[in-house]
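Got some structures for you, see below.
One chain, chain A, links the two complexes that follow: it is found with chain B in the first and with chain C in the second.
Presenting the complex of A and B:
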């Protein structure tokens, strides 16, 4: 089933109320008028400068399309950009990406990606988008934005002769010269203090670029201090982590923490399980995306609407020329599940041979 | 007309006649079997101008046998009292193979499609289908033919009988056997020029054409039956898409007739398949048309906005814009990108498309370039 925007609103109501109550009734039933809201999440656009005023057209088109669609109904409360706006962190790339994002007439919260960071360690990005990590509150939900793409000081400050070389080494997905992502002790300490004032019943949504869980180290689908970060979040009853970087749909549940990845507007990555040299830990509950049609430069890319309903998240993936998908927290099983394809009998078999 | 008459003259042999080279068997719905009498009735209905508000517009006005069942060279069709619609009349020839009808696929069958132009205010503009049935019931020949074909008395004739007969006639408008078919499926090396053969190679490779204008191992319909935003129409209104898409969805919720809305307003028309489905992926998207007889059905695209095949290729070569460098809309299909074809490749592609004209329509052909002349025979 393809879902249009109104369709997903209906479906949201259905997920929340077993398909019987109109949306207004749902709100009444929970007695928390104003607690449900929607925001748009666009990520991983990888705007790439060629020369002069030339940029890679394909990546431009991906971001422009997501922005154009996010402007249509329904209006999101705000927009998150999930990191990797630029490809090599240059002023030209960040400026060009920010200009395209400026068409959005909504508040924008930006997350740092490694492609934005490793040229000047986020200095110019900060001029455009503000702090590298911060928190804010929206309709009863506490949002935390982390810069989760830091790494060891030796790698960042001493290993490379130039900032450009450092950026290039981190920009390669499977480059053995890279270094594992981490949130780092200083930011974890900030997180502890930030959350200290928040009641344990308050829903927490964490926005990061890397997964805050360990999936596959070879491609940095990984956060080195994931366990420490999870331990800080664990005491809260409802926690959701939304992350970019992986350019594919993933989801997981660890304790009270739900994990959802978001799509890239630029290009898809394969699932790391296709890469057999070392262990990959794609969560077993993830229903993989179907393989992209290589003719169609937008296939297996997209963006998402995030519905927050009584503190739990439903991620609606808008996938161009593909089946749209929704991954929503299932209160009965206590984990995120694909609302249509979780049952293996309902899945579209992926193309497994080429 | 020659085509239809030819097929009609085959009489009862029609149902077992071998299909033309390059085409699959014509799909015939179980509830509307072909009979020679039904086909003849459908042809008469197709040409009857009385089924319009001013008594001057028949189906055949915009789907004229002398123009490959289009109204070429018009950009958009003209209905009653000179009113114009927003879309270029697609050919009825080989429409029997379409999985949906109309440029935006808003109709699932030929039978359903035939219902709408009668009552569209810019086409035949009747207030309802009742005047058609009144004309038919008062016409002795029609009454006799409907009884013979459907076994109904005059008072039992319904609009569904009318559209079934028209659809049966349209299913006889089948044309393959083009020079390309004789070369590619028939093995006749001399059927097309070297330029057309090179053009077919571009069609399969650098031109990226075949991904949507598909071909099979034993036939070629040159359509994937899907909907794509290729930058036509929607490019010019891209700054207003947000406003127009919202306004249309609101109007649709209030019950506006999609068929009327898309033919009476150019901006709404350019929303394409989105107007039918409300799917964001289909803003500005239109159905892939067949390429058969394309050289004799100019102008091109849903709005007839491109005059020649060469300009069509240039539009694709520029990545979905004309002229080169014009701004492209953000909803552009992911298959459309700059191609960097050479002038030679563009000429060859045009020569290839000119090889897709069926013999029935060859006398209409006027090659765009001298180099495309010469079928090599």
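Presenting the complex of A and C:
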């Protein structure tokens, strides 16, 4: 029997020590019980250096709680960090974040975020976490990790006088001086070659920082070459893309590809349509995340575990101080749906964003 | 003598024009005044200067989204009463930004309110809405 994680924590009394923590537990199940496995997914911690050994307390708390949670039972096979460990990509921030993550004592697969990348183009991040993009196999699943936060060469290499300025310009989510994310031709070619040897019945899980779909360019909820990447993934029967960056629940289905966002440990973001002049909407099937009104320090940061039955995903979001959510692939409709709230009549007032 | 009187009256009124004598140029000037204050608000919104920990309003509120200026005054749960928008702004300055309250009439508060309202232009007033 699969245990509800919050229930588990209550039973063990760990809830008093650790609270309900914003880590994403991801469980994959492929028919055979022996092939079931769980991994933890932590993302978007935005560790922010103030001065000396001072860091923004609020963001530190988010990551510390996630790490504490991932140390508890059930033990994950490995941990994914979904990008934006740092706020401004400095050695101090990356070191501080890596130090907190090092308490996990599990294999760590890291994804590059734009806040990690644009100071030194991922050089120091690589010393800590390795390659910017790679793949690995785990219990019958082929995992692909992409660096999806690249952009046009002119912007990256020629527009800004200093690396610090470049980082600041990309760090502002709504900054019109920013530039759209992309995977880029070189990495797409690597992806084609990497997948060439994989049977099309093998479940594929892609881990990226940006959505690999186009939602709202103004806040870079966007990947410029999303269609090209999707075309490479499309021949596979069961593909799941897990992405960070958006700090909110999103889900979508495009052909054989299911998309799920993961929560941030740092802070939540508004949905694009709540900006009156964006003209943008999240995928129509997404029932928005619940929000506390007014602000609560850990509101809408959370964790989830994900079951994959026969290669399709059920994401169980456990949200700090907020009601749990489950988004599961519905074979009848061929898309992910919220198991409780998909019917508009079932929705609750905290899901109304305006 | 008549010239002197007019000059004296003009000085008293503070303007050479009657109250209803304003032109397109005046309208443009006033709009530009608003834009410049809203721009100052945008600068404050995206800078760490209001707090002590480097956090900026824009980190959680890109384009001032999720601020709902059209719903104020409204009941504010953590204050336990109906509050104005500037009170909620100060709540955010004190908490996530770890800074000090601004006075309600502080030009920086006016600038923040101007920027928020500008980003929300066109949305109907819904006082009290949650």
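Going forward, the second predicted complex is superposed on the first by the 312 of 354 C-alpha atoms of A that agree within 3 Å, B and C clash if a C-alpha of one lies under 4 Å from a C-alpha of the other, contacts with A are read in each partner's own complex, and residues count from 1 in each chain.
We take it that contacts are C-beta pairs under 8 Å (C-beta built on N, C-alpha and C of every residue); 3 or more make two chains touch, one makes a residue touch a chain.
Please read these numbers as outputs of a predicted model, since none were measured by experiment.
Set against each other, chain B and chain C touch different numbers of residues in chain A, with C touching more.
Look at A:219: by the touch rule set out above, it reaches chain C but stays clear of chain B. Within the superposed three-chain model, A:267 lies in touch with chain C and out of touch with chain B [touch as defined at top]. Of the two partner chains placed by the overlay, only chain B lies in contact with A:321; chain C stays clear of it. In the superposition on chain A, contact is made by A:65 with chain B only, not with chain C. Judged by the touch definition given at the top, the superposed model places A:297 against both chain B and chain C. In the superposed model, A:172 lies in contact with chain C only, and not with chain B.
Of the two partner chains, neither chain B nor chain C is touched by A:180. In the superposition on chain A, the residues of chain A contacted by chain B and by chain C overlap at 57-58, 295, 297. If you check the complex, the residues on chain A that touch chain C are 46, 48-50, 54, 56-58, 87, 172-175, 218-219, 267-270, 274-278, 293-295, 297, 349, 353-354. By the touch rule above, chain C contacts chain A in their complex via residues 46, 52-55, 58-63, 65-66, 68, 76-78, 88, 91-92, 95-96, 98, 119-123, 130.
Of all residues in chain A, those touching chain B in their complex are 2, 4-7, 57-58, 61, 64-65, 67-69, 71-73, 295-299, 318, 320-321. In the complex of the two chains, the chain B residues touching chain A come out as 208, 211, 241-242, 245-246, 249, 277-281, 319, 328, 330-335, 337-338.
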